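Heads up, there are several structures right after this.
In the two complexes below, chain A is the common chain; its partner is chain B in one and chain C in the other.
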Partner chain A sequence: MENIKDVVLKYVIDEYLEDDSEEITYDTPLISGGIVDSFSMVSLKRFLEVKYKIQIPDDEATPEAFDNVNSIVALVEKFLNK
Partner chain B sequence: MSNIGSYEERIKNFDWSIAEKELGYKKGDVINIGWYCSDRICQLGKAGKTALKWEGHAGQTKEYTYDDLRKVSNTIGHFLRGLGIQPEDRVCLFMDKIPELYIGLLGILKIGAIAQPLFSAFGDESLFVRLENAETRAIITQKKHAPKVKKILDRLPNLEYIIIVDHDGKKALGEKEVAMNLDTMEWIDSFEIHPTTAESPSLLHYTSGTTGLPKGVKHVHYSLISQYLTTKWVLDLQEDDIYWCTADPGWVTGTSYGIIGPFSMGVTQCVLDAGFSAENWYKFIEKYRITMWYSAPTAIRSLMKAGDEIVKQFDLSSLRHLASVGEPLNAEAVVWSERVFGKPFYDTYWQTETGSIMIANYPGMKVKPGSMGRPFPGITGGIVDTETYEEIKDINKPGLIAFRPGWPAMMRMYWKNEETYKKKFQNGWYIPGDRATLDSDGYFWFIGRDDDVINTGGHLVSPFEVESALLEHPSVAESAVVAKPDEVNMEVVKAFVTLKEGYQPSEELELDIMNFIRKKLSPLAMPQEIEYMDKLPKTRSGKIMRRLLRAQEWGEDIGDTSTLEND
Partner chain C sequence: MAYSDRARKVYQDTLTGIKEAGLFKQERFIHSVQSADIEVEFPAGNPLKKVINMCANNYLGLSSHPEVVQAAHEGLDTRGYGMSSVRFICGTQDIHKELEARLTEFLGTEDTILFPSCMDANAGVFEAILTKDDVMISDRLVHASIIDGIRLAPAMHDTFKHSDMEHLESKLQQYMDKRIRVVITDGVFSMDGDLAKLDVMAELCEKYDAMLFVDDSHSTGFIGKTGRGTHEHCGVMGKIDIITTTFGKALGGASGGCVSGRKEIVEMCRQKARPYLFSNTIAPVVVAGVLKVLDTLSKSTERRDKLEKNTEFWRKGLLDAGFIIKEGESPIVPVMLFNAKLSQDFSKDLFEEGIYAVGFFFPVVPQGQARIRTQISAAHEMHHLEKALNAFIKVGKKYNILGKTKNEIIEMYGN
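What follows is the complex of A and B.
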């Protein structure tokens, strides 16, 4: 199975970074850092749900849970294991 | 004591000359917003006072005094003049909430050019239609946003300069790109400001309607008069206040009350250039000891969602006065803020075209939670019939909000769109396009839009623009876009589509279409939900019946369906 961390990081880079010279890591703040806004978070959540065949409840999809790749992976793993 | 004092007394004795006198302006004088927001404050002896405290998402900070504001705006004006930018040329500001955006606007105004602020999250197509319509000559941006400009450059023959404010030399500048780095440039002390007068154009803000392309709302330098006085009386800014307006200057609140209002009053304001999180916002208020906070219902509802417990972790005792704008503030939010902050959010109502606050709740006046408040002194507001535009005198009877034209910040035209501009005036009233009722105490109560425009998070999205963009996706045959209710954003975009032959509905396709719109238009315009249909409901003449789809989303009666096309 593909490494979830790398899949999410690649998706964020491909879909949300405007400047290809900008570098982000697993810890880069995405929401508070202004890379992914609250509206775009909906498409990122949808990607995770489609890719990993999970359902993330709206009250778990908080700006804090989506604020970096590491926290997103933790969220995905929580629902993958359910 | 509040600045406005008694609302009732102000209504009786009101004249816009109150603001003119306070600003030292006489009819026929030169009036330049750039000068009023920086040089004048220095002349009043406040050159050393902090004008702007800025914090970026990584915690980096910058601070500018009013004298810095004066010199930096001079420097930007000088730079633009050096490029050959002339009075009334359109110069676009396309940046995150960084100091160059706030001070750049003043620099543009100082040379008599027209500032055209645009939301930096706009996708390339949204950017294109606005730059093309305005025949913009220069755009000031950051290197992270420059790729979107480059993508459409070939289609914009009038765009001569892409001014990059954070060019670091790592990559060579591209076609039409020039660098303007304020950290390394020598700031200019003495500068000849263009002698603009009351009716000289100042700003071009774009707003969306149900049909057609976005409209460029032209404002003039005289707008300062109402922006100054509404800031003083509604937001109640006082000498020692530390002010935070959370709006982005890509939208009108961010310019009228994030730049012009506070700077023309010589107040210290703080700016946080970071995405939303309840913790970061409370931390910001605590750190900078914010006293006056002007925000939006979407943000307030997001804070409510984060809960009461988190509020207790911060010292928010500096907060003195709170106000809100963007969409109606629900009564629950007012009651919640009284409980957790010890004071209510005061709702305010206005729009891009009005340029300044029209209806508000005022310090010292009784707040009726859920109400928009009462008209600003000097503003004649009423409710008119949706067909005849005759004033409705009956209490609590729904109709259209209407204002008698003539306040200083009123728009002067829609850019190159005289016909649509004229339609906004009916029977001697200006019609903003919202429905409301009026109670026996003269308070307005918001009902909703009178058209299909979607108000999401306080920003207007045109269903027409989204529908047109959807048709450019290879899989979409037909589309209809409506507002869907949303707990936090009031409304969000929902799209109904039929697919072309060879395409099957799937979750992957839905995500692909969502991302397509997000990048092309903006995250605000991205449908939060897409529903696949075999066919869209249409009239016999072939027009899509958007109202049926909307009624379905809102659980409303679908009304008359006699014109619906038969199967």
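What follows is the complex of A and C.
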């Protein structure tokens, strides 16, 4: 199975970065760092739900939970194991 | 009294925080009519200063045009001051219906409904026409009022990268399971001045059975050969399902806006849009003024042609002088400075030179993209633009940014 971390990182780069020279890591703050508008995160939530066949409730899909790749992966794993 | 010391302190602390972050907005008081030459009191209490206005949305110079003012006087005399009612009780006059019909004709749509502002049109339209079975797919740089409207709607929402048509297409493909897809964009983007690729968007919407929504507030009246808007410029008149626009910019600049488009959508707004249902519409005096503006624009393209020439002169002048601008063709011309403090200092120095232009920085524009946004008007004469250009060059020399690259400016001032 593909590494979830790398799948999420690739999606974030392809989906949100406008400038190819920008670099992000697993820890880069995405929303609080101004890279991703919290309003645009809905597409990531939908992507994760389709890709991993999970349902992330809205009250768990907080800006904090989506703020970096590591926390996003933790969220996915939480629902994958349910 | 329930306004306790605790409540007062909460707000005082919040306001202090806004000031400390350098984000506190202050009004500058204008003591004259809106035009190219204005008299400004700034800071408050200071003597009046005569300056050239380079930041109004007065694209066609009609805000204080004698014929528009005269028409407004006549409207006031014949239809009175206010309606004291929302539209569907007893707040609709013949001239409101006349204006709706004239806008439909001008924009080349099926029907039109007036709103108290375009902010209200954008806030009301999505909630009125969409359900949870639908999806809204918006450009990431759409105006704040559209974002508010999207938030109020029950439909799902997603975004595409600014003006990236491949990304938009991939999003359309993802949402083929939805009942209705609406693609949402500005016609001219207010901060960068670039135009939406409406021709490509219309094709994609056709291909994927999606509706196309355009906020044309920064183009109605002057973009396109006869000023009908971005859809005329892109050759897709009749193909835009929903247009919202304002009368608060080129069309006299007073207030008011509308939703214009497919007749069923307009009728849905009449039945369900909350800013239409629960607020008075535009005052008769403003309706009379906008009718006169439409008369003027339908007779001649002289004003939009002059605006086009002024814009060409201004863009070329800035580029030749060595400024970095957001290139394009609209009269919104951002002069890029990248650093927030530099944009504020530059604006202050321009004011000293008799030029009124405001600096914008994060969060109004993205981080590291601070700028002076200049806006050209048909009210500008060549001597206004020459004086403004000389002032920009003088201040540009002071900060040593002429001919410098983005990286060189950031090296000097940070971003």
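Here, the second predicted complex is superposed on the first by the 82 of 82 C-alpha atoms of A that agree within 3 Å, B and C clash if a C-alpha of one lies under 4 Å from a C-alpha of the other, contacts with A are read in each partner's own complex, and residues count from 1 in each chain.
FYI, contacts are C-beta pairs under 8 Å (C-beta built on N, C-alpha and C of every residue); 3 or more make two chains touch, one makes a residue touch a chain.
If you're wondering where the values come from, they're calculated on a predicted model, not measured in any experiment.
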Please indicate which partner A:N3 is in contact with in the superposed arrangement: first for chain B, second for chain C, both, or neither. neither
Please work out whether A:V36 is in contact with chain B alone, chain C alone, both, or neither, and reply first, second, both or neither. first
So which one touches more of the residues on chain A, chain B or chain C? B
Taking the superposition on A as described, I'd like to know which of chain B and chain C A:N81 touches: first, second, both or neither. neither
State whether A:T25 touches chain B only (first), chain C only (second), both chains, or neither. neither
Same chain A residues contacting chain B and chain C, which ones? 18, 34, 37, 39-40, 42-43, 46
Within the complex, which stretch of chain C touches chain A? 140, 147, 156-159, 161-162, 171, 174, 362, 366-367
Spell out the residues on chain A that touch chain B in their complex, using ranges where they run on. 15, 18-22, 29-40, 42-43, 46-47, 49-50, 62-64, 67
In the complex with chain A, residue positions of chain B that touch it: 57-58, 96, 121, 143-148, 170-171, 273-280, 302, 306, 456-457, 507-508, 510-511, 514-515, 518, 523-524, 526, 528
Enumerate the contact residues on chain A facing chain C in the complex. 18, 34, 37, 39-40, 42-43, 46
